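See the structures that follow.
Next come two complexes built around chain A: one with chain B, the other with chain C.
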Partner chain A sequence: MNMLSLQHFPIYSIMVLFLGAFLIVIFGKSKVFRHAVALLATFASFFFMAMLFKPVMLEGQTIAYWMGNRVPAGGYAIGIALEVDALSLFFGLLVSCVVFIACVYSIQYMSHDDNVPQYYTLFLMLAGGVMGLVLSGDLFNMFIMVEILTFAAVALTAFRNTANGALEAAFKYLVVGCIGSTCILAGTIMLYAQVHTLNLAQMSALIPGNLSTATKVAFALLFIGFCTKAFLVPFHPLAADAHGAAPASISVLISGVLTKSGIYGLIRLSYFLFQSMALGTMQFWLVFLGSVSMFVCVTMALAQHDFKRLLAFHSISQIGYVLASVGLCTAFGISAGLYHAMNHTLFKGLLFLAAGAVLHETGTTDLGKLGGLSRKMPHTTVLFLIGAFSISGIPPFNGFASKWMIYQATYQKAVETGNIGFLLVTICALVTSTLTLASFVKVTQSVFFGQLPKEYENVKEVPFGMRLAMGILAAMCLVTGLLPEAVTRYLTEPAARAVFAVTDYINNMMGAGYAQSAMTAPPAVQSVSFASAGVWSPISWLCLLMIALLAVSIVAIAGKYDRVSVKSPENLGGKYDLFYGGEQTVYSQVGGDDLFWGFKHNWRHYFSFMHELHSGVVNDYSLWAVVALALAIVYALIVL
Partner chain B sequence: MIIEALKYLAYVLIFPGFLFCFLTGMLLCGIDRKLVARMQKRVGPPILQPFYDFFKLCGKETIIPAAANRTVFLLAPLVGLAALVVLQLFIPVFGFSAFSNVADVIVILYLLLIPALSIMIGGAATGSPYAGVGLSREMVTVLSCELPLVLVLLAVGKKVGAATGSGLCFSLSEIVRYQMLNGSLLGKLSMLPAAAAFLMVIPGETGSHPFDAAEAETEICEGMLAEYSGAPLGVYKLSHAVKLLTMTSLFVMLFLGGIGGAIQNLILGAGLSGGAAGALIILLDVLVLFALCAAITAAAISFVHAVTARLKIEQIFKYYWTVVAALALVSLVLAWYGL
Partner chain C sequence: MILLNYIASFFLIALGLYCIVVKYNLVKTVIGLSIMDYGVNLLIITIGFNPGGTAPIFTWGELKPESFFVDPIPQALTLTSIVIGACVTAMSLALVMKLKEMYGTTDTREIRRLRG
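Now for the complex of A and B:
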């Protein structure tokens, strides 16, 4: 085969990242060299993924790659395989794109740290691990990649090990992360013992028809394993610790990329391996888990007083949206969920980078200590606001477009099935969105507006490279928000179709006709419909807003809107000072974690309950993991 | 092509855009002030007082606090006003809708947040502690109104969707069209609690008594407006007036759309047809809409304003998430089971 044929691109895309990691270990002493290698590797990885866009997304091909050309023989897949369908490619594109942007940001962000070569090595290992996971065509390699990315992420969490809490966070992550990885390994082993293959396609053909007690337990193990990777409730406290301690560029990867790998795993597990999504209860529990995650984590975020911890909880809240939508098992729902997954990666990346910019300049992310930075860091403020509006679902930014689809999808599902539970999900999603807005208003007021504390008088805007990375993400937030049709048509709808095309996925890997012969009952063909009840055309809205804004501005300027009298010594006496009701002017910043007292007061019992529950002790969190696993096993044994 | 563009421009600038919003909003505001005064046995200002106030403010000097972020301070009021006017374009006037294929009710729900956000961010940009407190309360008020509003809209969407057979309906012009053919939703027993809930949300959304903790002149000096003066303050006052129109006309379209059908029948029944009839229908529609908006303002805002005292912010939140949300929920459940 030609070295440049499309078949090879998936493996190249993974290889360049690991190759870059090893090169930096060996030759990383030189600053120029390691920056060049890191940028080149991440860009190449993205480039190879982008080259697959046309054949996979537009032409609907599935790219299968057998390492060493060990194709299946005698009806069994022995070799190591990569399989890239539209779903894999969707996640692959997302991951490689954000990894590249985080790499651009890292160059100036990490310039003052020690041990920078190790940072890039781990960074590329983490990226490679996630890429490998989403492109892999076999379950055991998925486990290997999970291990690689978990350990890289743990090490990176503790990278600034002199920072307060970094080692503790890494330790917690290590313990619970290992429980998750062990679950995945155990589940993989049990499945292998049952069906004698590790190839995803072949397993998808063999498992659904022959469910035994062992495969059911394996399902529960794998399910919990991928839940820990996505930090879904009850694993959310780890995410908060890990994000709070890790460097911002790593938080971007943990929140934007690593959690997506968990979602990807859950989709492959429940839609492909076990094809259990046709079960009503399975749909309901996935959606329920998503709704609980979105609501619990948004309220947890409201109570935070640290910028990055707050963002961390919002990550899980948004992942909850994704899961709730993907769990609906309708084409429109999956498309909406994947759209939101993409948007989450973009806006959460932007927000973490903005938090990193604040940390870089002021040395703290404590909401109670900051304030008034908008005058010192105007560009960062604007970029942060774009991210904040996106995540809060303010039109026309991307968060709104996808959340709006999620509202429609859940409500449609409720009407179709007559299940009032899904209706509650819609309400929960709508209210959560406003709570998200509330907590970002809190951040805006506490960090960027309000009064500037004395010690930050000399703060400067962050270097250009960091602003560039944020700018790219902000532009993408706006574009994906304005062109929902294009995004769904070229990215999420092919991926959603791929989710329902299990038979094609199997046949493509194992040879035509394999699925029909191996499966006792081939899956029923789902009707794939992307119709929705609502209307929203952001471009028209934006045009109207621009016309209206232009009209108001013209009138305002003609009316000498910003006429300001000249500041002369006579009239300066207090005229331009803030109004304090006649009292002496003192520094008084209104902000911090208790800004929305009126809300929290009504929910005080809930918040004190949550406070007690989140003890911060890793033993408790491990216990939660074990309990969740036990529940999942009981569920799987009874229902599957 | 050019005619088309001019038509849309006229929609934005004249009707149902700026000029219409400006005139009717300010008039509603004047009626509200007059009514409250009369209920409290005062003489009250002339009905046109809001216009005088607006032009007076425009003539005054704008003082930008030295500590404020100048651009945000000046831009925020304008964005808020523009967003509100554009929002008004998506609310049909009975049978007439300027843009029916741009936004549905769920989008409108979120577009309503933009004016509130603009005032919060504008206030925050000054750095005033009064603004900080006002912002905190405004956000909680918005949060309070959100849950009942969501429930009301879902109930209406389900009700109309079930009746038309499409299962779900979120398009506002569809909802109005359905009512024009089948009578107002207010006439349906299951929608009565939702309508009551929406009426209760109106004073909260427009920030009037007793839900005006966010502005509370006597306490926190109008909160987020504490540092505003001159034309930007005038723009905020105008936004407030337009919001009155938006909320009341939204109520009319959601629950009283059937009146549009009656008007249509009246004109067409009188033997008129063609362009003259169309123009007459629109004219009558606008007049009736204004009368209804004024009546709702009187009932939901002025009357409540005159007889109540300001609530504390945690009371506002509790009230909306219990009493009002429960009312809306009753409607939703009734609509859900096809009643």
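Now for the complex of A and C:
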């Protein structure tokens, strides 16, 4: 077979990352070499994924690759496979793109740290693990990749081990992450005992017809395992701890890429392996879990005092949106969920990089200590604002487009099924979005606006490389927000179709006709309808915003508005400073916490309850994991 | 015989989880993780076991349709799982060591700077 044929590209795109990791271990002493290798490896990975765009997304092929060319024999898939359908490719593209941008950012961001070669090794291992997970066609290999990425993420969380809480966060993540991984392994092997294969396609053909108690328990185990990787409630405290302590470029990967791998696992599990999403009870399970994550995490975020910890809670809140939307089991819902997943990776990456820029220059992420940085770091401020607008769902940025689709999808589902519960999800999503905006007003006020503390007088703008990475992400936020039709047509719609085309997926791997012969009742390919997708149009909302802005400007100009130019007081000594009875100017920053004191006061019982609940003791978090596992097993036994 | 293995493996997994949840000493938490891991390893091996089967080691000529041997795939999986378990133990012990240096204690109730 030709070495350059498309068949090989998935394995290349995983291999270059691991190869880069090993090369850096050996030759990483040289700065130029390790930067070149890291950039080349991540870019090559993205390039190989991008080359698959045309055949998979546009022509609808499924790329199957058998390691060592061990194709299925006698109806059994013994070899290890990679299979890339539109769903895998969607996540693969997302992962490789963000990994490359994070790598560009790392070069200057990590320049002051020790042990930088180890950082790049772990970074590439983490990226390779996620790529392997999303492209793998073998359940056990998925487990191995989960372990690789968990280890790399834990090690990177503890990378700045002198930072406050880094070791602690890493240990907690390791313990609960290992419970999750063990669940995945136990679930995998219990499925193997039932169907005697590990190939995803063959399992998808064999499992749905023969559900037994063991497979139901296995479902619950795998489900909880992937929930741990996506940090859904009740695993959200780990995400907050890990994000707060890890370097910003790693937070981008943990929030943008690792959580997506969990979501990917959940989709593969419930739509492919068990094909159980047609059940109303399963839809309820996913949507409920998503809504709870969405709401609980946004309220947790409101009460935070640390920049990155706050972003981490928002991250899980947005993952809640994705899961709730994916759990609807409509083509439109899945498309909206995947769109939001992509947007979340972009804007949350941007926000974390902005937080990293602030940390890089000031040395702290404590919201109480920062303030007024917009004068010192204007570019970072603008980029941060783009991210904040995106996550709050303000047009014309991408968060608006996908959130709008999610509202529509949940509403449409409520109308179709006549179930009032889905309407509550729409309301929950709207309220969460509002609270997100509120908490970003708080962050913007306490970090970038207001008064500049004395000790940050000499803060400078971050180096160009870091701004470049942020700029790319900001541009992507804007482009995906302005062109929702294109994104839907070329990225999320093929992926959503792939989710329902289980029979094609199986036949592509196992040979034509396998699905029909092996499955007791091959599922009907669900009709994919985007009927209401054309109703919304962000452009009209953009026009509305423009008109409103224009109206405000006209009023301002027509009224007695005089242009006043204020010379910057820093340059003119004390002459133009505010005068308070002859005393020195008092530092009086309006803190972020003061903005919503009324809201917080009214909800003080809830907030103090949540604060007590998130005790920080690893035993409590493990107990939550065990309780969640027990509940999942009971629920799976009842409903599946 | 086989049933006993299954019971033992699930007992070990439950014991490991119990240890992680109830014990406040970091080292005991690590031990809990290991016990849980052993439980899963035992489960995997048990699933691949055929009573009366031989070891799955053959050359091309020896392998006949009537050969009766234990399932080799779970054994390969167990090997991988054991390696991963060793990594977990090594890494978590390294973290425990560093934590003890920094916090001066191995009590999980006192290692809670990140909370709320």
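Following the convention adopted for this analysis, the second predicted complex is superposed on the first by the 584 of 640 C-alpha atoms of A that agree within 3 Å, B and C clash if a C-alpha of one lies under 4 Å from a C-alpha of the other, contacts with A are read in each partner's own complex, and residues count from 1 in each chain.
Here is the rule we go by: contacts are C-beta pairs under 8 Å (C-beta built on N, C-alpha and C of every residue); 3 or more make two chains touch, one makes a residue touch a chain.
Everything quoted here is computed from the prediction, not taken from an experiment.
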Practice task
Applying the touch criterion given at the start, work out whether A:Y192 contacts chain B, chain C, both or neither, answering first, second, both or neither.
Solution key: second
Practice task
Have a look at where A:H379 lands relative to chain B and chain C in the superposition and call it first, second, both or neither.
Solution key: neither
Practice task
Once the structures are superposed on A, label A:H614 by its partner contacts, choosing first (chain B), second (chain C), both or neither.
Solution key: second
Practice task
State whether A:R489 touches chain B only (first), chain C only (second), both chains, or neither.
Solution key: neither
Practice task
Identify which of chain B and chain C touches the larger number of residues of chain A.
Solution key: B
Exercise for the section: Please indicate which partner A:H8 is in contact with in the superposed arrangement: first for chain B, second for chain C, both, or neither. Expected result: neither
Practice task
Sort out for me which residues of chain B touch chain A in the complex.
Solution key: 9, 12-13, 17-18, 58, 61-67, 69, 71-72, 74, 78-79, 81-83, 85-86, 89, 99-104, 106-107, 109-111, 113-114, 117, 120-121, 124-133, 135-137, 139-140, 142-143, 146-147, 150-151, 154, 157-158, 161, 166-171, 213, 221, 226-227, 230-232, 235, 312-314, 316-318, 321, 332, 336
Fill in the blank from the handout: In the complex, chain C touches chain A at residues 13, 17, 20-24, 26, 29, 33, 36-37, 40, 43-44, 47, 71, 73-74, 77, 80-81, 84, 87-88, 91-92, 95-96, 98-99, 102-103, 108-109, 111-116
Completion exercise
Note: in the complex, chain A contacts chain B through residues 372, 374-375, 378, 381, 385, 389, 393-395, 400, 404, 407-408, 411-412, 415-416, 420, 423, 426-427, 430-431, 433-435, 437-438, 441-442, 444-445, 449-452, 533-537, 540-541, 544-545, 547-549, 551-553, 556, 559-565, 575-581, 588-591, 595-599, 601-602
Exercise for the section: Spell out the residues on chain A that touch chain C in their complex, using ranges where they run on. Expected result: 140, 144, 147, 151, 154-155, 158, 161, 164-165, 167-171, 174-175, 178-179, 181-182, 185-186, 189-190, 192-193, 196, 198, 240-241, 244-245, 303, 309, 610-611, 614-619, 622-623, 626
